[in-house]
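What follows are several structures.
You will see chain A twice below: alongside chain B first, and alongside chain C after that.
Entry: the complex of A and B
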């Protein structure tokens, strides 16, 4: 009984409740038809959200003003360069992965260098640098859509016992992220900085080193997501990262991580990612047009944030 | 101490100097722009961008950030090109309602202590969705009076220049030179002090958001006056342009430290940067990237100047 009560107090529960509710509503509307299919699609697309949201969560937890707006551009750049280098050859898959991760590493380093050297707010730093990454991606791929190696495409769409393999892999990644956040010096350092950077510094936390690692981690995960997404959707497109700007932030916040920093949790990321995808699916099933769908998505995101802030204040 | 110009002055001079450098470069590359007609063409689209930048500046002034202004301007453009043209009363009511909605957003963000970044990201969906509902396919028509205002050809000085100067000075007087404006800015500098002095922070935030909404509406109307038709995605890039414009113009993210004149200059600089890059015959692939590089360059210059400020 107390276990259930404790569970209800967790900030991430509401994202899961929302996801289940939306899925239930969709299933009820269709009379249970295709509910399994919808869930499978949600797990696949949710997995991509979770990869970038994991990085964004660490960045947001650093405190007010810390947001990585270069995630979409980084995804696009990593995806295009990796696809072009692999040129569809299965033997090149590990090389492509290394290139994607390497691009993320470089992007993260540049982002942090701008923040540190120019002392500009991370929002503007990642925003201005993202223009440059986006241009680099356009210049590199020249509008060509290179097909991913068949083996990579198969991997991203494979299923074990009906469950998408990529969702399983990202679940493992999320567990690693959870351990990183709650059980390591680095993760505790991120949370400490988010709560009070000065106190963290005085307590001996290497503030700048941790900030650097966080921006690099976020960009590297974006690179990984770009690589996998390009494999999944049959090649890298120049606008493939677009929707991940809003969703990476929305997933983090709906998942119960504090936007003011200092409080984060990983389970909420999965709940929120499923919620976001299932919400759009539900509105689609109900036959809502594009306009109504967008209005409702926006209102529901705001509604969730208002509700979440209310519960947080009472405790 | 022995420096001929104080860093503070240098800092204030940076935005106009960047603009002047850019203008000289454009004149040098393409002397034909140095005419009434050329300047008109060059600066036309800077007017709606400047209005959107002023809107963003009001929000930044109270330590918030508006990531929905681009979608909002798009929605206003769609309403202007349809309702305001066909049924003026309905159009005016809708636009007034949008300004009120902005004030309401300010109240919501303040009362529930919500992060403005997330709320406005959510609102950007709402505005965009409404824009799609109002105008599903690109089209519509600009009301004649807006069209004739935006294509005005006053003697000697082109209209965009007059409009920008009037806008910058009007907002400067309102926000920087009036007692009321000082109180409004104080809400960004030290809200506790203002609240203790008996001012309502809620009312100030609502006022600032309403002002932002008002200038957002003007921006959308001006845009339709130039393009004569609208679509739901017409101004999405204004979100980033407006933030960059305020920062280029010397504004800060926190502390109520903004400059209306600087913001207008910043917006015009960004609008011109696009033309400059095309005159340079730069590979079009690198156009967006070069804009980002210009932004980083100006910010780097400012850091150098601020270092001098600290040393003194």
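Entry: the complex of A and C
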């Protein structure tokens, strides 16, 4: 009984409750037909949300005003350059991965340099730099879609015992993120800065070093996501990152991470990612029109966030 | 047939206009005001513009033909851009608009300043501007009519574009009208694919498990390959997926055609429509009598000309046609291309 109550106090529970709820509603509507298939699809597509949301979560946790808006452009640039470099050759897959991660590293460094050296607020800095990354992606390949190597496409779409391999990999990544957040000096530093940067500084936390690492981590994960998504969907497209801007933030917030910073959790990311995908799927299955769907999406997201923040106030 | 009419038209027109061509517009400056460049279709559109107008400038048909794209796809930004182009003294503005009504004020200002405005693809409703419109509704209807020829009936999956954009509503209206008229099909499900392969793939993968067997997928372009991927991943029998002229879609179709005789059709608008708009603007500046509302034909690919179309399409790009002055004259004259 106490255990259940304790569980309900966790802010990430509501995202999972929401995900299970919409999944159940979809299954009930179709009489259980295809419920397993829907879940499998949710795991696949949720994995991509989780990769970028993991980086965004660390950034948001740094405190008010911290957000990475360059994620879509970074994904596009990394995906485009990696696909073109590999040019479909299986032997180049590791090189492509390194290039994608390297681009993320550079993007994160540039973002932080703008924030720190030029003292531009993160929202403006990452938004304006994203124009540069997007333009670089356009310039690099003029919007032409290069196919990924077959082996990479196979890897991103493979399943083990019915579970998508990519979801398993991202689950491991999420566990690593959880350990990073809760068990390392870096992770505790991020939370401390989010709660009070001055107190963190006085307590001996290397505030700027940690902020730099966080923006670089976020961009590197975006680069990884761009690489995998391009492999999964048959090539990089100029608009491939578009919907990951708002959804990366939505997943973080629905997952119970505080938008004001200083309070984060990883399990909620997976719950929220599944929830977002299943929600759209449910409304599609019900045959709701686009307008109704957007209104309901908004209302349900507000509901989950209110439920999650309500529990946080009580604790 | 097409070539013959083109030649005949060109011959007739050259008889009539031989005396005045090509000097009349040689000092004119034309600008392209474009609201978005973030996908392969728009990139191809800009490349076509560059190529065709570059040659036109070199040959002295016009003095300048510069392309300007706004960064944020915002009405206010494009309105400001149009005002700048007026101040810079361009003689004509070729416009792909962010909104059918939102730019009317700026377009009116341009007309009042004596600037010719030719809108295409994203057209404006301001009466003083020319419109090169696409009959998107007919395009949607054509898809269903094609399917009605192929199938006795069945369930359809509809992949729509970007919610809230009039093109999406128009194509979808055409599809629904076609379904009603032929009376053979039922639309079992509808998702928004945002004209992007990965978004379409995600949306289709989500709804597919809840659907009965799908006989065909009606699309809006840029989403067919993603739909095919989703059907394949779910292990479902492959329906007839109407394609949208993208290189990856045509390549997939060709692979299937070679492997198992897969048959479908592909329809979209050639990004080179920007060059048609360029020639129309040139004709207006030249003093030609051009009706305000023109219609641009679709670019349709069928089983027979798939290989040929695929060969002409740049890997990773969109099937395209660059229009010529003769094509423009034909469209102005109301002839079918």
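Throughout what follows, the second predicted complex is superposed on the first by the 315 of 315 C-alpha atoms of A that agree within 3 Å, B and C clash if a C-alpha of one lies under 4 Å from a C-alpha of the other, contacts with A are read in each partner's own complex, and residues count from 1 in each chain.
Please note the rule applied: a contact is a pair of C-beta atoms (placed from the backbone, for glycine too) under 8 Å apart; a residue touches a chain by one contact, two chains touch by 3 or more.
On a predicted model such as this, the values are computed, not experimentally measured, just so you know.
Under the clash rule set out above, the superposition-derived model of chain A with chain B and chain C contains a clash between the two partners. Within the superposed three-chain model, A:13 lies out of touch with both chain B and chain C [touch as defined at top].
Judged by the touch definition given at the top, the superposed model places A:235 against chain C, while chain B stays out of reach.
Touch criterion met: A:145 reaches chain C, while chain B stays clear of it. Contacts of A:294 after superposition on the shared chain: both chain B and chain C are touched. With both structures placed on the common chain, the touch criterion links A:305 to chain B but leaves chain C unconnected. Of the two partner chains placed around the shared chain by superposition, chain B and chain C are both touched by A:131.
In the superposition on chain A, contact of A:120 is made with chain B only, not with chain C. In the overlay built on chain A, none of the stretches 114-122, 132-140 or 204-212 of chain B clash with chain C except 132-140. When both complexes are aligned on chain A by C-alpha atoms, chain A residues 131, 134, 138, 142, 290-291, 293-294 touch chain B in the first and chain C in the second. Interface residues of chain A facing chain B in the complex, by the touch rule stated above, are 65, 67, 114, 117-121, 123-124, 127-136, 138-139, 142, 246, 249-250, 253, 259-260, 289-299, 301-302, 305-306, 309-310, 313.
Remark: chain B residues 65, 108, 112-115, 117-119, 121-133, 136, 240, 243-244, 247, 253, 283, 285-293, 295-296, 299-300, 303, 306 touch chain A in the complex. Taken in their complex, chain C has these residues touching chain A: 37-40, 42-44, 47, 71, 160, 163-164, 189-192, 194, 196-199, 201-203, 205-211, 225-226, 229, 233-234, 246-248, 314-317. Against chain C, in their complex, chain A makes its touches with residues 26, 29-30, 33-38, 41-42, 44-45, 131, 134, 138, 141-147, 157, 229, 232-235, 237-240, 242-243, 277-278, 280-281, 284-285, 287, 290-291, 293-294.
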